[in-house]
Structure formats: C-alpha cells, structure tokens
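In the two complexes that follow, chain A is the common piece, with chain B as its partner first and chain C second.
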Partner chain A sequence: MKPVTINFRDKASQTISDEQIQQSLEHVYTGFFKGRLAAASETDNWEALRSKGKAIKDHTIANLDYYLDLLATNVEKAGGKIHFASDAAEARKLIIGLAKNCEVKTVIKSKSMVSEEMGLAEAMNDAGFETVETDLGEYIIQLAEETPYHLIAPAVHKSRTEVAKLLDRSYQPGSEPPDATELTMMAREQLRDVFRRADMSVTGANFAVAESGSIALVTNEGNGRMSTSVPRVHVAVMGMEKIVPSIQDLSTMLRILIRSATGQRISTYVTMVNGPRKQDEEEGPEEFHLVVLNNGRDKLLSDIYMREALNCIRCGACLNACPVYRKVGGHAYGWVYPGPIGALVSPVLTGLKDGKNLPNASSLCGACHDACPVKIDIPRMLLELRWRTAEGEKDPKEKSSSMAERLVWKSWRIGMMGRKRFDLGSRIAGWTLRPFTSNGWISKAPPPVGGWTSSRDFPAVSTRSLKSFVKSMKLGGGK
Partner chain B sequence: MSNLEDTPTKPDKVTLFSTCMVEQVAPEVGRSVIEVLDLLGVGIEYVDDQTCCGQPAFNSGFRSEARPVAARFIDLFEKTAGPIVVPSGSCAAMVRNYYSQLFRDEPDLKTRAKAVSERLFEFNEFVAKFFGTNALKGQFSRSNTATYHKCCHLLREIEIDEEPIQMLENIDGLEVVPLERADVCCGFGGSFSVKMADISTAILDEKLDYIEQSGADTVVAADTGCVFQMQGGMRRRGSSVRVVHIAEFLAESAKNAGAGK
Partner chain C sequence: MTDRQKFISGVSASLGRSVPVAPESIDETAFFESPGDADTRAKEITQDSTSRSDELMESLRISAAKNGWNIHSVSDSENAIGVIQDICDSKGVRSVLTSDHQALNQLNVSAALSLPEGATIRTTDRELHKNSVEDSKEEAFTADLGITGVDYGIAETGTVVIHPKNRVSRLVSLAPPVHIAVIQKGQVLESLDELFAMERHDFLKDDLAGSMNLISGPSKTADIEGTTVTGIHGPLEVHLLILE
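Now for the complex of A and B:
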C-alpha cells in the first residue's frame, strides 16, 4: 500500500467534522477500551503478564536472526516451505508465483495487516486470481474499496446503513437497514460459496512459534479456520518480528493479546497450524507456505532507539486509548498502521519525510504506553522521531522543520538562558499582545498564538512575575 | 515513577521550582503553593535566576536548544538542599523521567540530573507524601461542587492518581462529584495545542462536555497548561464553570477555613 501520510491534517479535519464517524469512533472507547480495562482488572497477575510479554519480545527481537533460522528449520521439518521477502513487491511476486504454480483460480483471505502492507488482495485480483476477503470487516472494506480503519476492527467507521448498501443487494436507500445479525448472515451466505470454490488461502499469523514451526491465528468468526483447512494451498504471511521462541511463550502472548484487543479472555477461535496435511491425516491443505516479510523492519531492528516498536503484537489497544486516534480516525494516518503505533512505524518503514506530521500528532498523554500489553514506550519514541524531523539528528535528510520554527526555538533558548532576558521576554510578549487583550484575556491573537485563539481564549501574560511577588512575601514557613 | 515509597520526616523548608508558565502567566499559582506550604509549616527557598526546565523545546524535537536550558536548570537547583517542589506534573516528569533521555550521551549531566530529580516532587505528591491528603483544613461556605481532571503527566509519569481528589474531599462544605473520563487528556499537549489546533480542540470539546455534564461548578486540575486549555475553551463557550489550579483552590479554601474560625 502506498503511503499518503502527507495529507494527515486535511484528512484529520475532515473526520473531526464527520458526525457519523465520530459516533462510530465512540465504540472504540466504550467497547474496546473499556473491554480491555475490565479484562485486565479480573486478571490477578495482569501487570506480571505484561512484564513477561515485554521480556519475551525484548529477548526475541534481540536474537531475531537466531529465532528466524530456528523457525525456518522447523517449518521445513513440518513439511512446509518458508520464504523471505525483502519488500512488498517481492512478496506480491512470490505469492502470485505460488498461485500460478499451483494453478489456482480462487483465493480466500483472512485478516492480515501484513497483507495490507503488501497490497496483496488488489495485486492478486489484478493478476487474474479472484481474491476475496473473508473477515467480515475486511469484506466490507473490500466491497467499499477502502483500507482498514483499525488494526482489529477494519470497518469500525461504517454505519449500519453503509454496510447495508454494500451487502444487501435489495436495500433501498432511505429505508431502515437490516440489523447487524441479518447483515452478517448475508455476508456469510455470499462468502460460503467462495469458501467452497477456493483452492488457495492467504492468512496472517498472529505469532509464529520458532521451536515447533507452527503459526497461531486468533479469530472470532471461524473464517480463519475455514481458510486454513478447506483450500488445497495455504499461504501464511507475517512480519519478521511476529515470532515467539516457544509454545509456553505463545500462551503468555495469547493471554495478553486477546484481552488487550477485544477484552475477551480468549477469542472464539485460536487456530494452530503446523505444516500441511501429513500422510496419515484426512484433512488440511496439501501445501503450506510461510512468507516472512521484512519491508523496512531491518531499519527498526538496527535502530536502537526505535527497535522497541518491533515488540508490537498489533492488538490495537494503543489506538483505543488514544484521544487523537479517537478524533482523527484511521485513514488520516495514511498507511496500513494507524494510531500511536502507526505514528511510530509508518515514518520509519516508509521514510520519515513522508510521515513528518505523524510524530507530532500526539499530545504525549501517555495513554498508549499505559494500554500497551508489552509496555512499548510510545511517547519516548515519538519524541525521538520529533528530534529527527526537527534537527535531523540521525540523518540530515530527515530534517523537515521550517526556518521559522528553528528561529523560534533559537530565540526561546536565548530568552531562557538568563533571568533578566526571561523577564524582558515576558514584558515584550505582554506589550505585543496588549492590543489583543481585554479583561486579562486574548481572544484573537496573531501567529504563532493564533492557532490557539481560533478556538480558545488565552490568558494575558502577567504584568508581574512570581519573582516580583516573592520579594514581598514571607517565605520563612509557619514555624 | 512515583517518589512516594519510604516513610518520610516532614521537611520544614523546600525549594520552589516555579516553572516558566507560572512565572510569566499564572504567578497566583506560585503564590498559592507558597501559602499552602506555609500553612503546613514549610518555608520556601526561591531560586532567583530560575526560568524553565527545557520541556517546550524538548517536546518539539529541538533538543539542541533544550539541552543548555536543562543544564542551566541543573546548575541552579543542584546548589540547593532538601526537597524541590513544582506545581506541575509535566515539568516534574521532564526532570525526573526525560532528562535521562536528553542527556543520554552526557554521563556527567545525566548523573547530576538524577541527583536533582531524586529531590524533586510535584506539589500534590509532596503534600501527600510528607503530610498526608487530610493535612490541610479547608472550607467553602457556599454549597460548591467541584470535580477533578487528572492531568496526564501527573497521572502517568508521576503516578499521582486519587491523592488530589482526597485533598478536595477533605474540604468542608465542598461536594466532590465524579468526572466521566477524568483520565482522558484535555488535548493540551504543549505545542500540539497550537500546531494541531483543530485536533486539540476536538479533544478539548469532549472534555468540556463531560465537565459540564458532571454538574460541577468548578473543575480542578494540577497543571497550568491543562488549566489554560480548559479555561480558554470554557470562556469561549460562555460557560460559567470555573477552571482552577489545585494549589490556588486549596489556598482559597484554607483561607476560608481560617476566616470561619
């Protein structure tokens, strides 16, 4: 998928004034956010689990070469094939090649953010393979020709009416749309036929277990299980960081992933796949392929200040916790990954200059850090990226601050380096803003304060500093 | 991380880290801190040359501008002794949790920053830790209702959560009502509030709606940035809800209590 982050502000403003989407985004808080809180509070050792999850991820990422090697060995041992793709284009080519070799006609897809990164469904359809999304949300998005709005709820922004327009062929615009169950049944019927015909599936992998060569899929709709058992070829795609060393580690990760994502203790389905059908087995695909995607992840891996972003298990909890995401929605972030984690990985994976707005799209409230099941310190890394865009600390080419901005901060520094200048600065600010001040408040100020006063009053700069008061106060204490 | 652990002996003197915002825009907050601490028997040492901790530039990514300002802060405050008190969770977090980032390649400054930050307490944290949340007598004669907004950095970086509410509940004649989504950001975020004004405002509007729905006539918060944001929004709405810094509110209620005796 081509990154379009540059339009962040426009898209954000559009979403803020869209009442229907704002209403839909409420569910992100009332449903997902509160669900996670409830699930966490009924889990006695929740904080310990989070720490353990973080330790597992830290360890795996620090030894990623070893575990990828081990995974490859064990996938092959189980009769599967492992493929490494350095970028999205290579992955598309590889998977389309597999489809050609296996003489495939119809491909079913279960939900996978990595496949979105690859732009896979579109490319496969273009290459002549009928490729249908089978996750309900993804199916709706595919029909609407949009991109996912949320990591785990791709169609969270769609109203029932909009969904009816897409799913119900007899729906008359303006009439009351069918209820959610009816709409789901329609999708089920439409998809059932595709499931029967499909000869290849593409699924994601929430985790790959290095010691066994298995992948684990977490789903609620059963489409994941259908995808991994019905067609004769199964292709699983994963980002190269989605690895855990052992089955025990998987158990820890599943507990925190599912609770953090939907607030469930466990999802309706947890599907484990260990290679293709064995000789003595009656069911399952004849071929199993695991495609491991890099697509810029090595840049995160070699960057010690950003590496922690690879700990992400894509639960979406940071989106649900984020006051900015809940106002600007998923499409403003311009690439596959929205919300706080998207603001971290998109700029690095797609090149920082395109994503320069994203690290600034945060009030640094820290709710994402609090919500993250593996305790990723998102605010710390947002600040890191802000440094890079402001001053080109890591690479001068990444610097995108304006001359005016740099001048503002240089003058700020000069003003803060001595108390006399500081007080003089206050007086100058007071004089400058005096024409705009009435009764101690400023309602319309020139830039840079103008951004503030477009929607809020600003208190006038005080005519006296605290220091001047302190001189006349008793400071000795009550004793 | 919280500095609340060990059982403390009550200090009789602290150094005030006033913050640039309080110095330039809201000196009444600083005066209130001095008054409240005075009532608790704590005297104030005031560092004449203080300006800012460097947070605004640091948060905007201009670390080369933030660094000398932060180093200057360390120079000034390491010469003092005993606790340092600051009426801002955000500035407290800058020194305690982010100086180690800012000075990560300068081990000497990093060590000196650590020494200063171990003595540094946010105002609510200081009162709660050394004196308890019921140490201050306060009174409101009218039947006032107040609610408390949990400022992000005080809550998540300094880990002070319910303590300010307990202090408010200790005030006679004041009804403290709950605030829905009290721990959700008000949208301030420093330069974010100017750079991305419409997003900041959308977040603020939700906050103000919940405050108005709470039925409180006053919303209390612990950081001047958040106070300005909510105050500015309430004024623009033409709302009568008062937005006030907790130090100011406590100082006022303590005066009322004194006057009533």
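Now for the complex of A and C:
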C-alpha cells in the first residue's frame, strides 16, 4: 500500500464533519475500549502480565538476529519453507511466484496487516489469481475498494446500508437494509463457495515461535482455521519482529493480546501451525511457507530511541484509547497503521517529511501508553519525532520543518534566555499584534501564527511586562 | 529473494554487531527452562487435572457457557446419546461425521443413534474410505453435524483443544453447521499457561502435533456495525457434552 501520510489534516477534517462515520466510531469506544477495561480489571495479575509481555518482547527484539535464525532453522525442520523479503515489492514477487509454481487458481486471504503493507491482494488479483479477503470486515473493504479503518475492525466506519449495497445484490437503495445477521449470512454463503475451491491461503501470523518454528493465528470468525485446513498451500506472512522465543510464551502473549484487542478472555479460535500436514492426516495443506518481511523495520531496530515500537503486537488498544483516533478515524493516517502506533511507525517507515503531521496528532494524554499490553511508551516516541521534525534528522533531506520556522524557534529560544531580551520581546509582540486586537482579544492573528486563532480567540498580548505590572500593583506584605 | 544469511546479517548490523549472539537468559520466557523442569511441570499439571477434576470441570462449565457453548452434563452414555439424538432430530440431520477420540468411541454413536433412512454417519478415515484429501474436504463441507472428542478443556477460557491427526479431521469441528464436542473428567486444564506448558513438553519430547486448534464457542463476528453475529465461517451452533 502506497503511503499518503501528507494529507493528514485534510482527511482528518473530512472525517470530523462526517456524522455517519462519527457515529460508527462510537463503537470503538463503547465496544473495544470499555471491553478492554473490563477484561483487565477481571484479570488478577494484569499488570504483571503486561510487564512479562514487555520483558519477552524487549528481550526478543534485542536478540532478533539470533531468534530469526533459529526460527528459520525450525520452520525448515518442521517441514516448512522460510523466505525472507527485504521490502514489499520483493514479498509480492515472491508470493506470486509461489502461486505460479503451485498452479494455484483461487487464493483465500485472512486478515493480515503485513499483507496490507505489501498490497498483496490487489497484486495477486492483477497477476490473475482470484484472491478473496475472508475476514468479514476485510471482505467488505475489498468489495468497497478501500483500505482498513482499524487494526482489528477494518469496516468499523461502514453503515449497514453501505454494507447492504456491497453484499446484497437485491438491495434497493433507499429501503431499510437487512439486519446484521442477514447480511452476515449472505457473506457466509458467498465466502463458503470460495473456501471450498481455494487452493492457496495467505494468512498473517500473530506470533511465530523461534524454538519450534510454529505460528499462532487468532480469529473469531474461523477464516484462519479454514485457511489452515482447506487449501493445498498455506503461505503465512509476518513482519520480522513478530517472534517469541518459546511455545510457552504464547500463553502470556495471547492473554494480553486478546484481552487488549476485544476484551475477550480468548478469541473463538486460536490455531497453532507446526509445518504442513502430516502424511496420514485427513486434510490440511501439503506445503507451508513462512515469509518474513523487513520493509523498513531495520530503521526502527537500529534506532535506540524508536526500537520499542517493534514490541507492538497489533491489538489496536491504543487506537481505541486515543481521543484523536476516535475523531479523525483510520484513513486520515494515510498508511496501513492508524492511531497512535501508526503516528509513530508510519513516519519512520515511510518518511518523516511527508508524515510530519502524524506525531502531532496526539494530545500526549498518555492513554495509549496506559492501554498498551506491552507498555510501549508511545508519547515519548511521538515527542522524539516532533523534535526530529523541528531539528532535522541525521539526513538533511529529511528535514521537514521550514527554514523560517526553525529561525523563529531559534530566536524564541534566545529571547527566552535573558530577562532584558524577554521584556523587549514581549513588548514588541504586544505592539505588533495591536492592530489585530479588539476588546482585549485577538480573533484573527496574522500569519504565520494565524492557525492558533482559527478555532478560538487569543487574549491580547500586553505591552507591559509582568515585572512592571507587579511593581505597579504596590502589593503589601512581602519581605 | 533475499538470502537468509544476508537478511539476518542486516538485522545483526541494525543491532550493532556482525553476527547473531546467543542471548543471556531471562526469567520471563520458558525458552531457557531445561527439559527436566518442563518434564516436572508437565507431571504436576497432569496430576492436578486428575485430582481437581470436579472443580476444573465446574469452572469450565461456567466459562464455556459464557462463550456461547450449549452445555449438557450427562451421567451415562445412554443420556449422552439422548442429547445427541435430540440435536439430530431438531435439526433434521442426515449426515454425521465423527472423529476418532476415546471419549466419543465409548458412546458408540454410529450404532446407538437412530437417523432417518438414507442418512449417513461415519468416522473420518481417508484410508478406510479410500478418500482423497479432496473427498474428505467435500464430505466435511456437506455434513450436517460434526461430533468430536477433545484433547483438553481449559477452565480459564471456556475452551476445548483438538490436535488434528489421522482420523481426527481439521474440518469436522469447523465446516458443518453444528458441532458437538464430547469431554470427560480429567481432561480439563486450569489455564492457557498449563496448555502451553504441555505443548512445550510434547515439543521437547519431539512429539508435537502438526497443528492445534483452540475452540471457544461458535464462530462469530462483529464486523457490521459492531453487532455480534454467530456463525460467519464456522459452526452456527456448538454443544459441549460433558460425561460425568
């Protein structure tokens, strides 16, 4: 998927004025956010579990080369094939190549954010393989030719009427749409047909286990199970950070992932795959391929200030907790990953220059940090990115603030560092803004600070310094 | 395709070293736990699930009901068959697939059930029925009812665990519209922790199954306006039959 992070402001404004989407976004709060709180409070050792999850991820990421190598060895040992792709284009080519080799016709896809990074479904359809998204939300999004709105609820912004237009061929626009159950059953019929003839599946991997070469898949719908049962060929794709060292670690990670994602104690299905089917099994894929993707993750890994972002297990809790996401919605962020984690990951992976507005899409309230099952300190890293936006990164081409802006802040800094300079500066500011002031308020400031008054008034800047004001008050007491 | 060595060298470089280095052990992951410790733990878990079987079954009953399992507790095989018969009758079941699990076999379902003329009931067995894999799949997709045993129950989460293998199909618990899982005393573990400890133990003994499914209620989705609907891809209805 091509990043378009530069349009954040426009897209956000569009969503804020769209009443239907604002209503749909309510569910993110009432369903997911409250669900997570309830699940956390009924779990005795919740904080200990989070700490454990963080420790496991910190350790794994700090030794990622070792665990990747071990994973590769053990996938092959279990009878599977491991592949490495350094970017999205390479991964697409590789997976299309697999489909060609295996003479595949129909591909069923489970929900996977990494495959969204690759733009895989579209590329496979273009290459002539019928490729169908099987998660209901993703299926709706595919029919609508859109991109996911939320990490775990891709179609959360779609109303029943819109879904009816996509799923129900007999639906008459303007009439009352079928209810959610009827629509779901229509999708069941349509997708069953695809499952039965599928000869290849592409799934994500919620976790990959280094010691055994296994992957774990979490779904409520059962499409993950279909994908690991029906087709001849199973291809799982994963970002290179999605490893845990031991089988036993799955219990900790599944507990925090699922509770944080939907508030359930467990999803309806968890599937662990250890290579292709055994010879004498009744059914199951003959071939198992695991594709490990870098796609810029090494930039996070080599950056000690940002490395922690690789701990993310894609539960979506930070989105649900974020007052900004809940208003601006998923598409504003312009790439695969929305919300606070997207504001963090997208600029690093796709370029800070275009993505400079994303780190600002936060009030730094810290709700994402509190919600994160592996305690990722998102606000700290958003501040780091803001700093880099202002000061420029190591690479001067990446400098995303203008020369003028940097000059203004430099002079501000100088002005703030001396008593006399401060007094003089504030007096100048007061006089400069005088023509824009009426009745003690500035309602339309001149550029470049005009943005500050676009939605609120600013109190007039006094032409007197605080020091002379206090003196003139002739306060008693003191000394 | 990026070569494995090259890819991993790149990761090492990002970590500021030239080659992967074996990590120092930490307490939080079982990766560093010895096979001996895993063995001891597995023995404890097995003992525990036997000695606390009543208590664990009771807590499974509660958590499974919350997940949308229809719970049936029966005291003998006659009652068990009665429950299955009722489900068949009410659904007009004409084709049943079963798995080869001990708890299920002892009920002798195929002989005890009375189904309408022309109805079929059989245990998935590719070799016996001279089925191709394609035949097996088609059979599962056209069956009205799947009945399986389980390898474990999990009290914490209301889950049953099935390891697919020879004569235990991946699809019998998934493709038919109704699934009945039969569980007996002593099969319930307390938590996910214990399940994965058992799995790791199997793995260290080189006895890890090809795959594992955790099933916790009927297939469900809330992708349309946040309304929960059961039965999107898997069974619309699931029954947990507890043999006391």
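Heads up, the rule we're going with is that the second predicted complex is superposed on the first by the 419 of 479 C-alpha atoms of A that agree within 3 Å, B and C clash if a C-alpha of one lies under 4 Å from a C-alpha of the other, contacts with A are read in each partner's own complex, and residues count from 1 in each chain.
We take it that contacts are C-beta pairs under 8 Å (C-beta built on N, C-alpha and C of every residue); 3 or more make two chains touch, one makes a residue touch a chain.
Because the structure is a prediction, the values reported are computed rather than measured.
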item: Partner chain(s) touched by A:V470 [first = chain B, second = chain C, both, neither]; value: first
item: Partner chain in contact with A:L364 - chain B first, chain C second, else both or neither; value: first
item: Contacts of A:P173 with chain B and chain C, given as first, second, both or neither; value: neither
item: Touching partner for A:R9 - first (chain B), second (chain C), both, neither; value: first
item: First, second, both or neither for A:L136, with chain B first and chain C second; value: second
item: Per-residue contact with chain A, leading partner among chain C and chain B; value: C
item: Which superposed partner A:R386 touches (first chain B, second chain C, both, neither); value: first
item: Which superposed partner A:R419 touches (first chain B, second chain C, both, neither); value: first
item: On chain A, the residue positions that both chain B and chain C contact, one per complex; value: none
item: Interfacial residue positions of chain C with respect to chain A in the complex; value: 1-4, 7-17, 19-23, 26, 28-31, 33, 63, 67, 124-127, 133, 136-138, 140-141, 156-159, 164-171, 174, 191-193, 195-197, 199-200, 203, 208-227, 229, 231-234
item: Partner chain A, residues of chain B touching it in the complex; value: 12-13, 18, 20, 22-27, 30-31, 34, 37-46, 48-52, 54, 56-66, 68-69, 72, 98, 101, 152-153, 156-157, 181, 183-185, 187-190, 192-204, 206, 228-229, 231-233, 235-236
item: Chain A - residues contacting chain B, complex; value: 9, 12-13, 16, 29, 323-324, 327-328, 359-367, 369-370, 380, 383, 385-391, 393, 401, 405-406, 409-410, 412-413, 415-419, 422, 426, 429, 441, 443, 448-449, 451-452, 454-462, 464-470, 473-479
item: Chain C contact footprint on chain A (complex, rising order); value: 24, 27, 30-31, 52, 55-56, 59, 62-66, 68-69, 72, 82-86, 90, 94, 134-137, 140, 153-156, 158-160, 163, 179-181, 183-185, 187-188, 191-192, 195-196, 210-212, 214, 220-223, 225-226, 228-230, 240, 244-252, 254-255, 265-278, 280-284, 292, 294, 298, 301-302
